[in-house]
Structures are given as C-alpha cells and as structure tokens.
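Quick notes on the structure that follows.
For clarity, chains are labelled A, B, C and D in written order, and residue numbers in each chain start from 1.
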Amino acid sequence: MQKLNVAILGATGAVGQRFIQLLEEHPWFQVAEVIGSSRSAGRPYGEAAHWVLDDSPPARISDMTVGALDDRIESPLVFSALPKEAARLRELELAAAGHVVCTNASANRMLDDVPLLLPEVNAEHIGLIDVQRARRGWSSGALVANSNCTTMPVVMALKPLLKYGIRRLHLVSEQAVSGAGYPGVSSMDMIDNIIPYVPGDEDKMESESRKMLGHLDGDRIVTLDCAVSATCTRVPVLDGHLVNVSLELDERPTLSDIIDDWESYQAPAPVPDLPSAPDFPLQYLQQIDRPQPRRDRQAGAGMMTSIGRLRDCPALGHKFAALSHNTVRGAAGCSILNAELMTVMGYIEGFAVTLRQQMHLRASAEV
Amino acid sequence: MQKLNVAILGATGAVGQRFIQLLEEHPWFQVAEVIGSSRSAGRPYGEAAHWVLDDSPPARISDMTVGALDDRIESPLVFSALPKEAARLRELELAAAGHVVCTNASANRMLDDVPLLLPEVNAEHIGLIDVQRARRGWSSGALVANSNCTTMPVVMALKPLLKYGIRRLHLVSEQAVSGAGYPGVSSMDMIDNIIPYVPGDEDKMESESRKMLGHLDGDRIVTLDCAVSATCTRVPVLDGHLVNVSLELDERPTLSDIIDDWESYQAPAPVPDLPSAPDFPLQYLQQIDRPQPRRDRQAGAGMMTSIGRLRDCPALGHKFAALSHNTVRGAAGCSILNAELMTVMGYIEGFAVTLRQQMHLRASAEV
Amino acid sequence: MQKLNVAILGATGAVGQRFIQLLEEHPWFQVAEVIGSSRSAGRPYGEAAHWVLDDSPPARISDMTVGALDDRIESPLVFSALPKEAARLRELELAAAGHVVCTNASANRMLDDVPLLLPEVNAEHIGLIDVQRARRGWSSGALVANSNCTTMPVVMALKPLLKYGIRRLHLVSEQAVSGAGYPGVSSMDMIDNIIPYVPGDEDKMESESRKMLGHLDGDRIVTLDCAVSATCTRVPVLDGHLVNVSLELDERPTLSDIIDDWESYQAPAPVPDLPSAPDFPLQYLQQIDRPQPRRDRQAGAGMMTSIGRLRDCPALGHKFAALSHNTVRGAAGCSILNAELMTVMGYIEGFAVTLRQQMHLRASAEV
Amino acid sequence: MQKLNVAILGATGAVGQRFIQLLEEHPWFQVAEVIGSSRSAGRPYGEAAHWVLDDSPPARISDMTVGALDDRIESPLVFSALPKEAARLRELELAAAGHVVCTNASANRMLDDVPLLLPEVNAEHIGLIDVQRARRGWSSGALVANSNCTTMPVVMALKPLLKYGIRRLHLVSEQAVSGAGYPGVSSMDMIDNIIPYVPGDEDKMESESRKMLGHLDGDRIVTLDCAVSATCTRVPVLDGHLVNVSLELDERPTLSDIIDDWESYQAPAPVPDLPSAPDFPLQYLQQIDRPQPRRDRQAGAGMMTSIGRLRDCPALGHKFAALSHNTVRGAAGCSILNAELMTVMGYIEGFAVTLRQQMHLRASAEV
C-alpha cells in the first residue's frame, strides 16, 4: 500500500519530535516534509533539531532538509505543532489551499467551525468539517484541532459519566514539564519545587472541556452546561499530566456504577479499529496510590487514560484522579488519531477509498 | 535567666531533629533529655541519629546519651515527635505524671479535651487545659497537640475569613517528602513521579481543620460546621506543603477584601510577642506564580504562611494557594510556639512567673 | 517447544521484579516459581510484592503463591536476586542439589571457581564450571555470577582495548537509585542532592573488573594486572549507571582507532545469537553531551552499552564516559544472558540438546 | 561610616541577583547602581528581573531603575556578572576609566596581568594590579577576576598540599544547575538524568587551576607545573558543585597529615578579618558520605569549602571529594571577598584609609 505523505509543521520542537517518533512505523502515513523556523530552514533535520526524546531521531528524518514555514507544502495531510501565533493564519491558509490540517496548536481551537476532536469522546464532531467547508468555500481542505494536553484525561474520564448530568467540575492538575516544550521550564524552577501556575492552561481547560463534551446540533457545537473550575500546577515530572477531578452530578450513581461505566466504555466504530487507538481508551486502577505519571503514562503505548482513587467528595459528590501522557495522548498521538479518523471517514480526498478497500475498514454510521 | 529544661521524645527522627535545631538558640528552653527508640537508647545522640537536616547536629546534643522511652523524664516540658502508636499511652502517662507535653504526634489529637492548638488561630482553645486537668485529675501536667502539617497553612489562611461563613471547603495538597519522615518516601517513587495519595492525611485534614477552626464553648470545642473535602498528593519537594484551596462562603467578599483581611491579620496578644512567632502570620504574594515551596517555605524563619493566586472559582466561589514549611510551622515549630503560649499563660508551673517578671511579657485577657 | 521452568529467588524485590518482567516473553524460559522472604511466603505474588516497575506485574505471576527460601525448588534453572547474606549458602546448596544457579548477588562472586560471566566479554570463563563441578563433586549443578551493575559498562568498553595493554584505570561513577533496590535510597537524600559514596561498590568495581577482564588459565582466572581506582557516587536518576573512565594504556592508539575498535566489536559465537543479546554490545555516540542515563539506557532493550566523549586525558592518556542500564544489562538481563549461554553450551542437562535441535543454534568452539 | 557605592553589571541575571542578596547587609559596600541588558534598562529592577533566589528582591533594590550597559557608571567599585562577550571590552573600559572592577565573567580571566584572585589561596597575586596599572597606564582603575565556580573548591583544597608537590591532578565534577545561569539548563534535560558535559568548563578548570595555584614572580604568574585532567558533568542539584579529586604527589604524606593540613589551614592576614571571609576556609567532614551539595553548601554562609572521603587512590595516590557553593563561594561571594581585599590593601582610592581608621584593620606585609 502506498502510504500518504504528511508534512510536520514545527518539526524541530518537542511535540514535532513526538510526531516524528510516533509516525516512524505508522501503517498509513509517512513523513515527507519537515517544516521549521527560519533558524532551522535549509539545514538537515538531524543538525537543526536538538533531539530531546530518548535515543536519536530516525536516520531517514535526520537527513531531510528542513523547509521554511512559508514554503509550498506538497503533502495532502499536515500535522501542526506550531507555536500559537505562527499557527493562527498559516493553518487556515493551508486548509484553504486544500490540505487537511490536524493541529495541536491552540490558536484556532475555539473557532466555531473547528472541531476539537477526541475520537473516543466526540467523533461525531467531525461533522463540523462539512460546515467548515461549506462556510469557508473549502473543497478538500479542513482544519481539525485537538485540545490542550491537560484537558484530555478529564474529558476522557467524564464522557461515560455524561449520562448522570455533570453540574459542577473542579479540576486541579499536576502537569509534567514537557507540556511547556523545550527548553520550556528551567531546571532552576523545578528542582525541589513546584509552580502553582501554568500560563494559559486554566482558561483552556475551562472552555475546551465544555466544547469537547458538548454535542453537535446542526451546524454548531452546543457546549456542555456545567461550571468548570481549573487550577493548573507544574511538577518535576517529565511526561504525564495528572488531574485531581471533583464533580457534582445530577444523579447519584454508586462508586461501582461509575467504575463499571469506565471499564465497559468503548468508543463508537470505527474508532477502535484505528491504528493509533488503544485497545481500551480507559483503565481503572485498583491500587490506592495510582495512577502515577511515571508508572502509568505508557499504558496503551501512551494512548490510554488511567483513572484511580474514585471516592466520595464531601464538597461536591465524587472525586478521582485521571492521568494520560501529555505529548502522546495529549498532543501528537491525538492529532494522528484524528487524522486516522478523518481518513476512514473519507475526508482525505482520494486516500480513504484506497485505504478502505485494502483495510476492509468500517466507517459506519455509528459516528 | 535560667532556661527551662525540655525533653524530646523521638529525638532521632526527622521531626525530632527539627526540634533540636529550632531549640538550639531558644531564649527560654534548653534541650536536657533526648529520648529515642530501644535501638538508639544508651548510645551518644551523634552516633544514634542519622542527621538528615543540613550541616551536623549541635556538638552539645551529639554528646548526649539517648534515653529510652520508658525512662523516667526529669524535664517539666516535653516535646513529642513519637510515632503514632508509641505516642498514644506514653504522652498521657507523662501528662499524668505532671509534665506539660506538647506533641506533634497524631494519636491523641482528636481527644475531646486535648486542644489542637495553633496560637495565631485558636489561642483560646488553651482553656481546654483546665477542662483536661479537672476531668483527668492532673495538677501540673497537660497535653497539647498541634495538627498535621498539611492542615496548618489552610486553617491559617481561613481564620481571617471565618467571618464570611465557610460553607464548603475543597483542598488538594502537594506535599513535600519530609512529611513522611526519614527514610520515608523511597527515591524510586519520587524521581520523575508524583504519588496521588498520602496515607491518612485526607481524613486528618477533614477532621482536624474543623476542630481547629471551631470555638471553645464551655468545656468542649464546637467544630466548624462545614463540608471539607481533602485530596493529598506527594510531590518531589523536600520541605513545604502547598494546598490548593477552593471555598464557598455565605457572604461574597471581593478579592481585595480578602487580601486586606489576610494582610491585616494579627494574632491576639500575647501571641505576637512569643519568641517563635513570626512578625506576621500570613503574607499574600502578588506574583502570579507564587507561593512556591522552595522559594517561600523559609518566610518568617519557616513560621509564616504564604498565600497567593486568590481568584474566583467557577465551582465554589473563591480559590487560592497556601503554603507553609511542614516540619517547622507544621510540626516542631508549632509545638514550640504552643509551649511558649502555655508558658506565658501560666500553664508551666513555676516557670511562667519567673519568665514574665524578666520578660515583662503580657498575658492579657485578649486570649 | 517446551520452555524450561525457572525459579526466581528474591522475586519480590526490585531486581526480582526485573527478572519477571524480562522473562515474561522469553522464548526459552518461563517463570514457574517465585521465592521470597518469610514475610512474603504463602501469599499471592501480586499482594506480597510492592511492584515498583512501570505498569503492574503480569497477571499470571500475580496469581502465583510466593514460596519460602528454604522450600524445595523444582525448576532446573534458578535466578537469584537474593540479598548478600541470604545468598551465600543457599546458592551453593541449590547448585549442590543439581540446579544451575545464575546469580546477581555479590556473596559468591569472588570465589575462585565461580565465573563472573559477561558473555560479550569473557564467555570463555564458562569453562570454570567444569572446574567447579570437578572440585565440588557437582554433577548437573553450577553457580554462575554476574558482576555488580556499575562494573558492567566499564568492562564492556574496555574489552576491545585490552590489546593495547591497560596499565591504570580511574573510574568515577554516577549511579542510579535503583541500584540500591527498593525502598533503597530515601527521597530525602536525593532531592537537590547527590551522595558521594555508595557502600561497597568501590571495592567491587576494583576487584570484579580485574577478574572479568582476566583470562582463564587452566583451572583458574588470572586477573588483569592493572591498578584500578573507583569512586562511586549516587545521583537522582532512576535507572542507568554512568561511569567516567580514564585510563593509561601501554600503547598509544589514536582516538579514531579506539572508536573503530568499539564500533566493530562483536562478541564471539554463539553469543550474538542468544535471545537476550543486543544486535551490538556497544555503541559510540557522536553527540558531545551523551551518553545520558534517561536517553540512552534503553538502547538495545537495555542490553547495550553506550559510550561517548572519548578524548585525551592529560593525567592518564585517554578518557571517556560509558553507560548501561543497571537493572537490565547490569543485573537481571545479564543473569538471563548468562543462563542462555549456559544453555547453548550444554550446561543445563537435557535442555540444551532439545534447544539446539530446534533452534539450529551454533555452540561452536569459538568460545 | 559612609559605605562605598558599588555598581552591579548584569544585575538581573542569576549571579547578579546573588550579588544583590549578599551585599544587602554588607558593612562596607552598598548597591547604588544596577546595570542590565537593553531589554531591562529603564525599567524598575523589581519588574525587569525575574528573581530566582528565595523570597523576593530587597524592596530598596526593586525600586531602582536598571541602567544600560553603556551608561556612565558613578560608583568607584564595580561587580561584573556580565555574559562573556559583553564583559570583554566593557570591563577593560571601566577599569581604564578609573573603576575597580571585580569580575565573575570568564572573558578576561586568563589575561597575563589580571589576577585570578582567591584570597585564601593566592592573596599575593594582588600584586599583579601594580603591573596592570603600570603597563596599561591606569591610575585608580583595576581589573580583578575570580575563577569559574568549579575550580574554586579544588584549589582551596589543594593549597595546603602544594608543599608536597602536585604532579598530576584528575578532576571529575558533579555540578549544580545554577552554574549555567537562568533559565540555563532545561528541566527536560535534568529530570531523571545527568549530562556528562558542561560546555567550556573542562578547559577552564585545567587552565585556571594552574594559574591560581601558581606564584607571582616579578610581573607575572608562573603557573603550577602539573598535568590537570578535568571532566565536568551536570547533575540535578540546585546549588553546590562537588568535585572528585585524585592526585599524584611528589611526597607521600599520610592521610592524617593531609587532614591536619586542611584543618589547620588559615589564610594569611588580613584575609581572615575580611567581612565575607568564613571563620575557616576549609572543613574536613568525618562522615563517610559527605560532603553533599544540599547539606554542606551553606557551611560558613556559603563561603567555606567542605572536604571529605580522603583515601588512597590505587591509580594516582590520593583521592577525596571537595564541595563549595557555586554562586556564593564560586561566584558573587568570591568577587565580594576580592573587593574587600582590594579595599584593605589600599587599591580603592580614598576608601581604604577611612576604612582602616575605623575598623582598625590590619593590612600587614604577610600578603
């Protein structure tokens, strides 16, 4: 099978590197273009990028020449790990020019016609692409975003509980340093210390969670009607954001009802068949001191959300802890899963048919 | 002035060491007896104790012979840093035998007639000593406890807000490893990791906070009527517990009202004159990313509580972060301050008069 | 193929857990018995063991009942992760009783007739088993040790340089905390700190390195004639020991000669064909700031040694840094590789023939 | 007494902040000017500087307006914490304009006529100021440097051993992150990791140590004739550089001779009387696992060097570990001590006489 060429914007940064790492063995996509800042453009990737993940960049990628941000892109599929300001216009330009853009940047997340897609949670939001194309006059192009990395484990854990009516939500995160990119947080701030503030993330958690848990009503997302309070803190952990979640529900399910909801949760077809989807989106850990970032972030190759410590909350009703890998599930991995869903749902011109024929993949009406 | 002899129970442990360090230059008290486990008893302190604080133990203390727990104690004043089970009976025995015992152990904290004393917050709870003596038939003896180390910054920050009526309280702590003693938390659990659970502390925070913020009514403490939810997590920080506090009040003060309340808060006389009392019990930090454990735990020689990030909470009304040094303010330092208050209030037989004559200290009716 | 049953002594400890993890998918061996301390014996493994590695223990192992140390062992092959004193007699008893014991414990490492085996370095030392059996009157039993975890990367890096004559060796290690087991090093000693001393390891490095790099002469190992100075320090790293090596050679090879020696180094047959052998035992990293524990310890699934920073040493001639994973390459992984070599060399009665027939493995005279 | 006004160049950086902190209560000097980069110039210090030390900057300094690097300086004494390239010409210009410049920057350290001053080690190198003034035609101006922060504990420990003849020196450092300034080392490089390379420091240690331990012969420093090999590594420690030192001596003193040499070492007059001089420049720690960065860096208010683990080295003869606080003893504190020495030796025009009259300080011929 001929793999689909993809371009990575912001390829030399920490999330860009994670895209490269996760795509190295991808069955459908292959990295064909790596785009960086003006400082990197024109140099071999292996030289321009200060590789911060384990080991070294794949040799094939190291030898690629980094392209500039305003270079013409050839690949039909584009993953964006651009900084916010650089992302804002460029992502829209590329979508207008016919590319399917799956972005991890925050710039365009809250646009009315841009879905904030998390396939296991709101695959049906993909319908917003049709609205987007109609409204903007785009034919093959599209722009799909994923949420910030801290909101991810929260909405994943809340999805199966939506049926009980979520009235209030109180979130306190303990976030890994990789969420700030590289070099990001200084070691002088993180040795023997925590920082009780992460710029911008509290607002994002409060708004993005409500959009992601909302429903598509005609041509717009109706956000979840729920009071959300987020406090974001930074801790000396490399990867893995943990969120302490407390919530008030309209109904009063038992603790074991909720654990059952989590353990039996399965995303609608075709999501479970996508190559980057974990076997189960959620796992509930019985040990009283879990989830822990270092020990649980790799669950499901970094794509699973781990939940633990469900118990009564004297102030709001229930509380628990949720964790996922912030640069896999919460960033590059989610963008890739979004692109896989776009592919099988036929939003990538030409490629979906080929793929479906060969993969016998379903893309049923369940979504 | 002749200083008062004190004994330290559990002197070789991490909190015991902090007692020794803080008492080294104390103007009223001097360490005369160091009591340890059977493993340590009979050996010179410098050899029996694995000193975990900075530098080395004071030479005078290093040369002392460690006594056994059931040895007869000579000192009128006893500080206890015993493990819970060892503390339960021994502290009561010593009080019955005429000693004033100021304990940091949790065993007897919730007894009805034992005050959970934090001088800046509830100095009037000292009146429970009279109840205790009457009920138990003790003459010169007494037992006074301080709370667990995580509750301390919370009640300190809430005291000035009591007037607004605290209806609900939601607490998420990020606690330093020294709270678990030595060796305590394994480095294999703390490198690149956090632990979302601290055994026992959630219950303590929920019950002790309500007792400390309660009021003395005749011969008993009426606990604060307030729903308290505590989540306790462990982070790779040496000293300094930070608590993310959200609360619902009956009234709706503005943010600047609250900051004024904190900045103008002063403990009642004679607390501010006690040798271990900080100039101000509270400070509000304007920087958006403070308090931080490493940078703020030493405020007021470790006895001040630092507060920051006061803002609206969409779920409960208000939220902020509070921090204090867990082994100084939250343990040994608080026990010492309690003993100082006991002294000037005349609860240490013989010594108070001498002291007041010499220090011209007030012990007015304000308390 | 019928896999060979193995028993793990000290199965609940940190290295015991690593044995379980590495053997979970092993093509030849399967864990049949897990042996623990008296505290663990009789309980299900999943309950007795505080699992400190990522994720959770394999379900099959969790359900096993932990055996006691003096229980009769059924498995022909035994891996020992016992504490030193527990290991001393028990390992010899088991070998005398006919078991092949591959140990990670230090107790019997320096016995004259016990090989300190590192297959890529000194596979021919396996001949000492014949001496051992003859001398001790053992038939099927044997005792093979691997060295301490810090010596491993050093001897691996030095093996290809032996031909130049190693006259003096100066080693300064920066060791991970997992080398001390669990709970091992307190987090109160490792936050914002290093410890310039690791009990016992300096002596081990100085003696074990000379034995491992020695040659088998008839019935004994002639140790390498070389002055070795080791300094061992502990750093806040989870896994991966880095050693700063300086050495004086009789000859004066160029830096590129040495790099060529490393890059072309291959262990003698049949070592490269063993299931746990990495594709290459050594890699030389060109980046000036490598090897780094977190980024390089997983090379070759934790079985490869990474070397970097080769340069002139004004004091001794040459210097470089070497790193390997201390609980994989330096402990459990090496014991397993030793057992694999024992297997194909015919030292495990009955099993070798079956294996060779099925695997078409060579066990040539090269060793 | 009227204090002497001082200017701090590079005042907003990490070392600049340490200058401000250490000078806050200085008996002779007071900060009158704070000079920063073009980004900071014109803004209040409290706003321009991201304070990275504990607590907050002193209120008086916070309110000062930051000056630009090419502004005219009024203060007779200038402390430089400039980056290397910015320092090179500006320090010489200021000295030429009559200022006494005490620099922590590396740019001019190895100039022939610039003393690399460490008062307890080579106070007599101050004589190079006369050479400097004569050669360059400066009258009141002067330029004095201190060494890099890693060399400091080494030369301090070696000074009392010079009499035995130091033939070879082998150094392996484990350096704190504050040595790289702020933000300096990324937390993504320091969590669960060490870096076996510190750019530039190995060369500096090898050359600066020989200059510092050299002697002034007429108008030049004769460097110590000794082979020095330095390996510099970075560890996750906030402050405090530890160096593992091995050395070959011409003579063979016993271990207790050497410890006596250290314990009895005292700097020549007037150094011990200077306000920033510790009571003893060196301490030898008997505990086998010391010195440790976190526990020993504050010895002597950060100005003392702690030594431990003296023992035989099979490769070179002797070895030990030495530690000092890298931004106090190894940077700002040393520059201040140098300025104090310059003052009492009469190199600061006008001020020395006043000072001596008032302080009855000796400035004898011993130096």
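The rule is simple: a contact is a pair of C-beta atoms (placed from the backbone, for glycine too) under 8 Å apart; a residue touches a chain by one contact, two chains touch by 3 or more.
Note that the coordinates shown come from a computational prediction; the quantities given were computed from them, not determined experimentally.
**Student:** Relative to subunit A, which chain's C-alpha centre is the most remote?
**Tutor:** D
**Student:** More than half overlap in residue numbers between the two sides of the subunit A-subunit B interface, or less? Answer same or different.
**Tutor:** same
**Student:** Return the distance between the CA-based centres of subunit A and subunit B, expressed in whole Å.
**Tutor:** 44
**Student:** Starting from the mean Cα coordinates of subunit A and subunit C, work out the distance between those two points in Å.
**Tutor:** 41
**Student:** Mark out which residues of subunit B touch at least two other chains, giving numbers and ranges.
**Tutor:** 189, 191-192, 236-238, 294-295
**Student:** Give the list of subunit A residues in touch with subunit B in this complex.
**Tutor:** Residues 168-170, 172, 174, 189, 191-197, 206, 227-229, 231, 233, 235-238, 242, 244, 246, 248, 288-295, 308-309, 313-316, 319, 321 of subunit A touch subunit B in their complex.
**Student:** If we count contacts the way the header does, which residues on subunit D are in touch with subunit B in the complex?
**Tutor:** 53-56, 191-192, 238, 287, 294-296, 298-299
**Student:** Considering only the defined contacts, which subunit B positions touch subunit C in the complex?
**Tutor:** The contact residues of subunit B facing subunit C are 14, 52, 177-178, 182-192, 236-238.
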